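Scrolling down, you'll hit the structures one after another.
There are two complexes below, and they share chain A, which is joined by chain B in the first and by chain C in the second.
Entry: the complex of A and B
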């Protein structure tokens, strides 16, 4: 037994030995604190940048909103003021009480909904065909779709108005919707193509193995996967129609005038009614804000679709 | 599966909305279309500001003639494009259009003659320059609906201040009063340019005021009666030199000042005088620091006397309308009840008798100077050329902007002549 070696118990470090250890720990602590401080400062900078961007993007809208509560003389103050000196709702009463405003809202909704529907109905199969079949004609088609975006709208506005009149669609929301679709469709095809590209083809193949037809796989498998992308595309198409002015100016009259034209009517040859104009513009932006909030999750999902593609 | 359910729900809602929208499309939200309107209902295309002028007339005409009027309002900047588009297609969505005077030559081939409405009695009650302008190519193609002209608006409170009066007389040797000549306008502008205030504005962004000075200097505007370009004559140079001489007594940035900016400056109390369209007098906001303190005077005069450029709008009937009888009935009715327009927010008319009816009533102090300016012998309408708007946009306004920024007037006018000649070729 004497030969048995007693287990080696590590000796407690002496005070002299502990000193470097604790220094290391302190150093690690300091490093960690430094790292956290670094993270904090990065985060602070990011927050400042975020706030600055928010102000940059949000200020015009906020200024519009504040102007809508100003008195007539406040709206034309030299130099301009940001906040109203005296708050008033008179501009809203005047703007919403103007004849034709409720009708123009209905026309805007009709036109935007029809245009969005048309864009999606045409863009989804077109984009799917282009991305899945990858033919030469498909590539030419998608480039050609982009070319249509390069033509100034005013160049096609007047011929389009004449064409609609000749087929008996003058002054109808459907005519304006078709015109708006010419704006949103190329963008919708491009957007949907990028979303379809992000969906692995294996998913469709698996669905086909399980007995789905090509269209069945598209409807049951692919479209649910790209629903976020469809939401994003729908928002863009809706906004393109909702805010469009030139075609609405050229193609609408008594029955189908949309709100952007009515808003522009506050600027006349005899003066500019800033208060009422901004009040109506503020009200007109509410549906878009609500729609964006409602579809926020889908939009984020759509935006990040394909972001982690290997 | 949940996303599929969501998608199905969205598809159902979307489909339902589209169906509703498509169904609703047939009837539209605004009212009947032109083609559906029938003989007793017409569509009137009007610049947004003019709607208020015509609404009381339309109400009266419905009672008198049974013609129901639907107004199609459009902003000024888009109205010309819309008219061009519809006239060129041969299908129009309106039965009557309110046209800016400068557009009449451009659209003369698409408009019906309305000579029968210009009776001797009617002509006597319309300002002479307007009778002349409405006649394009030997036919009357537009009935004046309302007219306007620049007059002088000035700060009555400052002009009546005893100290100002005494100081002005001591400095210039004559009494401080509303200016009637170029020299007086220059003196008064210089006098009030102090303590953060300016004597007047100078509008580099619009051309009408400069053209009025050309008339005051005794020359037709830009083109003579044979359509020769005369913009480099002595009168044009005198007028331009006078125009730019006021820059030192006006707020900075004259090159960008247009009607809206000039009106704002005056209503904010930053300028003591402005030459402005007469309607602005009734549009001074009640909470403006100058409300109730503004006086009016006719446009100033040069060597040829007082002169202004009228700004009338005409009611015209397109050849392509499906309701020519109802359209003409409305145009005649609008002339008969022209004075009703004066009670609108814009407060303008076209008949001399309509202005005279109100000229002595409180709130209409701008009417006497307006009548005087419109009746002045040197007052004339703009040249009747289809290229006028193009000349204004591409030559006159850029030339004025360079002039008020310090450009040499002789060189600028010579350049302008070359450009206008090229446009008219």
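Entry: the complex of A and C
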């Protein structure tokens, strides 16, 4: 479909749209595409419905953005206005200039990058071992990884924090990124397994016949083929860490605090400074929203792959 | 010498398995052990074995029972509403076909927003006095005064209000997964049913939903687990209040551990909570998912 599409995602279900059936779609009143609506009047109503729900869906974040440009008086005006009466950047200057805020961004980035790397290094070989060799231990392992997903962070946060403290890692990005990896690793194994499943086995067989070791075949033949899948997995692991709050709250003090904790702390520490809070929230969210819009095809593929294949 | 495939596979899995053993299984073991002790919150403080005392305290505590019901109610509410809205959107996108693709992307963005930000944003929309939601509804004539509802201050409805950001954040996920599932339903099948005179409700309940069953099961289980663990959005909106009316299990355990400094009791609660989740997920998976049977 486009260059961004990696060739390893044949399971991407939306390709149905390009099926030859669509040629007949023009026929009036008769539905040639299964569920696609035929009548023009129905379609118009559906489009209006879609537009309305998108406005409802998009508006809350727009309101956050507008609020971040308001003056303090505007922010808590009764009744509230949607647009700022007077546009100002004061909230941004305020929020970003506050002590601890720039450092928290660096902590967030560090934590997310370390956690993403760790997840990939562990998940890629594990998923390969599970899907390629289909051993009993592999099946048990993937079930165990799924069960891990159910563990509530609040239950293991405190024991984890004291473990980290006992090895001198208390309040460091490394400790937090390890905690975040407990969330992203099962997800990464699950996703990577789906991607490896789609690689034809002949590929490594050919490589091993040519004298490549199994590890060599994985590294030189299979990994390049699933690089698109690895990218998807990396995005998810990164997002899981970037947006995580509870572990960050339990495991960090001042030194390694990430931005979500700082945002939450605005509530108590500085009274209710809505303006600065919304500005910081906007700055923290916009990079990942842009990332999503840029990489949306990959993200959609990753999100639906595991579930749809069941 | 070439090691057997079976062992090679095991080697590949070992690092990840070790990681999960050390950083998930061991803390869980610690959690379960702690649940049998009375622990002083002070580091290095006394630690006395009390047997099942913490469990008895948990089950006899109205806070714990209340939080359990609230967590269940919250989870059912979030998952049901998300499923209904997500299915509606997915059907909408499917009936509109390819031209709606761009809009599907727009629909994605809340998935990338941190729950803490979403909670903050909705708190700002629903807060008394200067919240936009009440103000808009009263300007539209639906409410008599902007504060009539008291989204986050009325204990009777607060559990619903704190669920809104969660629903807002992840309806997109439901929509995406269901949309993908819908694309896999053969068009011929729908057509055949139409030719046989099936109307929209029959199409939906007799053909679409049964065919989507495995996808629906995965989506519901995944989202159910997440919703049952909800913490960020509730903490920032109400911190469990007013009068604990929005205190779900994660919040109660957090409060017992940190504020009340009773790690033993909190561990017992955490253990019960985890076992309950495992049991419910197991039942859900075996009854509705039935892997390998439908697909």
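We take it that the second predicted complex is superposed on the first by the 219 of 310 C-alpha atoms of A that agree within 3 Å, B and C clash if a C-alpha of one lies under 4 Å from a C-alpha of the other, contacts with A are read in each partner's own complex, and residues count from 1 in each chain.
Here is the rule we go by: contacts are C-beta pairs under 8 Å (C-beta built on N, C-alpha and C of every residue); 3 or more make two chains touch, one makes a residue touch a chain.
Nothing here was measured: the structure is a model prediction, and the numbers come from that model.
Legend: residue contacts after superposition of the two complexes on their common chain; A:158 is shown touching both chain B and chain C.
In the overlay built on the shared chain, the residue A:49 is in contact with chain C alone; chain B does not reach it. In the overlay built on the shared chain, the residue A:172 is in contact with chain B alone; chain C does not reach it.
Put chain B and chain C next to each other and count what each touches on chain A; the higher total goes to C. In the superposition on chain A, A:185 makes contact with chain C only, not with chain B. When the two structures are aligned on the shared chain, A:77 is found in touch with chain B and with chain C. Of the two partner chains, neither chain B nor chain C is touched by A:216. Within the superposed three-chain model, A:264 lies in touch with chain B and with chain C [touch as defined at top].
In the superposition on chain A, A:253 makes contact with chain B only, while chain C stays out of contact range.
Taken together, the two complexes place residues 76-78, 154, 158, 246, 264, 267 of chain A in contact with chain B and also with chain C. Taken in their complex, chain A has these residues touching chain C: 13-14, 16-17, 19, 21-22, 25, 31-37, 42-43, 46-47, 49-50, 53-54, 57-58, 60-61, 63-64, 67, 75-80, 82, 118, 121-123, 125-126, 128-130, 132-133, 135, 137-138, 141, 144-145, 147-156, 158-160, 163, 178-179, 181-182, 185-186, 189, 214, 239, 242-243, 245-246, 260, 263-264, 267, 274, 277-278, 281, 284-285, 288-289, 291-293, 296, 299-300, 303-304, 306-308, 310. Chain contact summary for the complex, chain C toward chain A: residues 5-6, 8-13, 15-17, 19-20, 23-24, 26-28, 30-31, 34, 89, 91-98, 100, 103-117, 120-122, 124-125, 129-132, 135, 139, 146, 168, 173, 176-177, 179-191, 194, 208, 214-215, 218-219, 222, 225, 228-229, 231-232, 235-236, 249-250, 253-254, 257, 263, 266-267, 270-271, 273-274, 277-278, 281, 289, 291, 294-295.
Residues 71-74, 76-78, 100, 102-104, 106-107, 109-110, 113-114, 117, 154, 157-158, 161-162, 165-166, 170-174, 220, 223-224, 227, 246, 249-250, 253-257, 261-262, 264-272 of chain A are the ones that touch chain B when the two sit in their complex.
Note for the complex: chain B touches chain A at residues 3-4, 6-7, 10, 14, 17-18, 21-22, 24-25, 28-34, 43, 45, 47-50, 70, 72-78, 81-82, 84-86, 88-89, 91, 93-94, 100, 260, 263-265, 267-268, 270, 277, 279-280, 283, 285-289, 346.
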